[in-house]
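What follows is a pair of complexes built around chain A, which joins chain B in one and chain C in the other.
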Partner chain A sequence: MSSQDKLQKAIKVIAQLSIDTASRTFSKLIKAGATIDLERAFIADISEVTRMFSGSEDEVVGAYVDLVGDAPFTFLFFVSAPDSLMLTDLMLRREVGTTKEFDLYAKSAVQEIGNVLASAIVNVFSRDFGIAMKPTPPAVCRDYIGTVFEEYIMKSAGELNELFVMESRFCVVQFDIKCHMFIVPLPGSDEVLQTVLESPNMKEYY
Partner chain B sequence: MGRRIMIVDDAPIVRLMLKDILVYNGYEVVAECSNGAEAVQTYKELKPDLVTLDIIMPEKDGIEALSEILDFDGSAKVVMVTAVDQREALMKAIRLGATDYIVKPFESERVVSAIANALQ
Partner chain C sequence: MRIIAVGIAEIKVVQPPALLRTNLGSCIAVCIYDPATATGGLLHFMMPRSLQGTAIVKKAKYADTGIQELVEEVKRMSQAKSCSGFVAKIFGGARVLQNISSDIGSNNEEAARRILKEMGIPITASQTGGDRGYKIEFDVGTGIARCQRFGEEAKEY
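After this line comes the complex of A and B, so read on.
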């Protein structure tokens, strides 16, 4: 297996472990069953990634977190604006449909989901690979999906020509809520990811 | 009247979730703060029986706020709240004098247990 193949494999393993942990954490947070699927984990040209999301008129609410430390990553969680209201009710154990407008608590719900999921991923890095990281306080955004992606992912990518993108899709089973989560390694993380490749935990995945 | 609790977390929904649990279990929430600086100032004014204190917050984090609260009142009861299994930060908090900690997402029973134990 080439170094590039191994690196991609490392990314996918990290993504899957992150998703397993995130799934349990998310279910516990919203007190409802949720499944999370790793939709895609890939390396893509910046222009290709941009094309994937530009032009969409879907309005979403997102929580963006910088994961800083040994391996810098960008984390983005987003959900449609109507579904964010349902998530708010679930977290507050209210009857779904109670929250009718995107108020302080709805914004905070997305913020906190982003915070908790990003923290769960940090725990994976720390526990499974000994990589020390820390999430920054999340920023919340509400805009068209293309704008959100451009603003938070593409800007963090800086001068990179390519991005590793891990895209996950959540489904809160009972309520058909769909969310997305992106994890993007940033410049400075590839050396540490190479270390992950050498980790005993990784060898079982080759 | 129940024991007086101050809740510190930068997420309004977490403050509401904690408040709902505490009020339901007979505690009085006397203040809510959204950052460490506000927490220290409000503690000095109100001297609650216990503080729940988030670790990662903007402006002043929970560890720094904990240190200042304990400098002001060595007998302060503080339960740390964290979304990250930050063992170093938690150990530092315990060494500084925090009474206990809760990891998000939290269960009602764990919150009540931690608060009750801290107030004994």
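After this line comes the complex of A and C, so read on.
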């Protein structure tokens, strides 16, 4: 296995652990079961990855969080606009269907979900691999799915032409709410991740 | 009609009938059309200028290298000797995320306008700025661009 392959494997393991932890945390937060529908890691050209959503009229609400520290990553959580209203009700412990429009409460709910998920990921980085990280306050955006995703990758795509992308889709079964999460390493994270390769926790995955 | 998605840092110049489609935030879409041969193309660039002194792998990422490349590709496809009859339409350059300090969207718009002016290509239509994303559909056969800003009615240019 080449050092590049090992590095990608390391990112994949960290991201998978992070996503598993984050989706469990999410289930607890909204007090409803969530199943992971898709979990994948891939390297993609920046044009190719944005073409996934290009031209779609789908309206989503996204929370962007930068994970800053030893190995910088960037995190995105998004749901469709109608699903964000249901999530708001679940967060506020009220009957689903109460929230009718994307208001300040809905924005805060998505912001809080982004914050909680990003914090769960940071905890995995720190607890299992000794990578010191902290999440920035989430920025929330409601727009076309293509626009939300484009803005997400801008930071990494400025310096890179190919991105290592971890994507996870999970579903809140009872209400059929489909959530998406993305984690992308930012330039500067490679060096620290190389050292993580040698950590005892990582060896069990080879 | 063929519908072709255009990703970030990408150029598409195709034979009609075809619709080039993209979404924008702070990026800019430059549509170039040659009315004489009904040939058109779209560039979706993300930054105003390329870094000097470095090898540019993806010319379409930057306004300076991308617009030049787009015009060359339209010239090749239309077999035009120069770009004298070409027209341009530009869209995007929004500031979708308010907490980002640099206004990359307006820098991108400024770069696109300056470069097109230097090349002598008139901008016949534009919709730029604001704080919402854009959905663009460019018909390469007619040169008509349909621009829809998020939450608003679509307009044709």
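Following the convention adopted for this analysis, the second predicted complex is superposed on the first by the 201 of 206 C-alpha atoms of A that agree within 3 Å, B and C clash if a C-alpha of one lies under 4 Å from a C-alpha of the other, contacts with A are read in each partner's own complex, and residues count from 1 in each chain.
One rule holds for everything that comes next: a residue touches a chain if its C-beta (ideal position, glycine included) is under 8 Å from a C-beta of that chain, and two chains touch if they have at least 3 such contacts.
Everything numeric here is computed off the predicted structure, so don't read it as measured data.
In the superposition on chain A, A:R51 contacts chain C only, with no contact to chain B. Residue contacts after overlaying the shared chain place A:I43 against neither chain B nor chain C. In the superposition on chain A, contact is made by A:E112 with chain B only, not with chain C.
When the shared chain is aligned, chain B comes close enough to touch A:L104, but chain C does not.
In the superposition on chain A, A:V96 makes contact with neither chain B nor chain C. Contact with neither chain B nor chain C is seen for A:V68 once the two complexes are overlaid on the shared chain. Residue overlap on chain A between the chain B contacts of one complex and the chain C contacts of the other covers 137.
For chain A in complex with chain B, the touching residues are 25, 28-29, 88, 91-93, 104-105, 108-109, 111-112, 115-116, 119-120, 122-123, 126-127, 134-137. Per the touch definition, chain B reaches chain A in the complex via residues 10-14, 16-17, 20, 56-58, 82-86, 104-105, 107.
Interface residues of chain C facing chain A in the complex, by the touch rule stated above, are 3, 5-10, 21-27, 46-47, 57-58, 60-61, 94, 96-100, 104, 132-135, 137, 150. By the touch criterion stated above, chain A contacts chain C in their complex at residues 46-51, 53-57, 59, 64, 137, 139, 141, 143-148, 150-151, 153-154, 157-158, 161.
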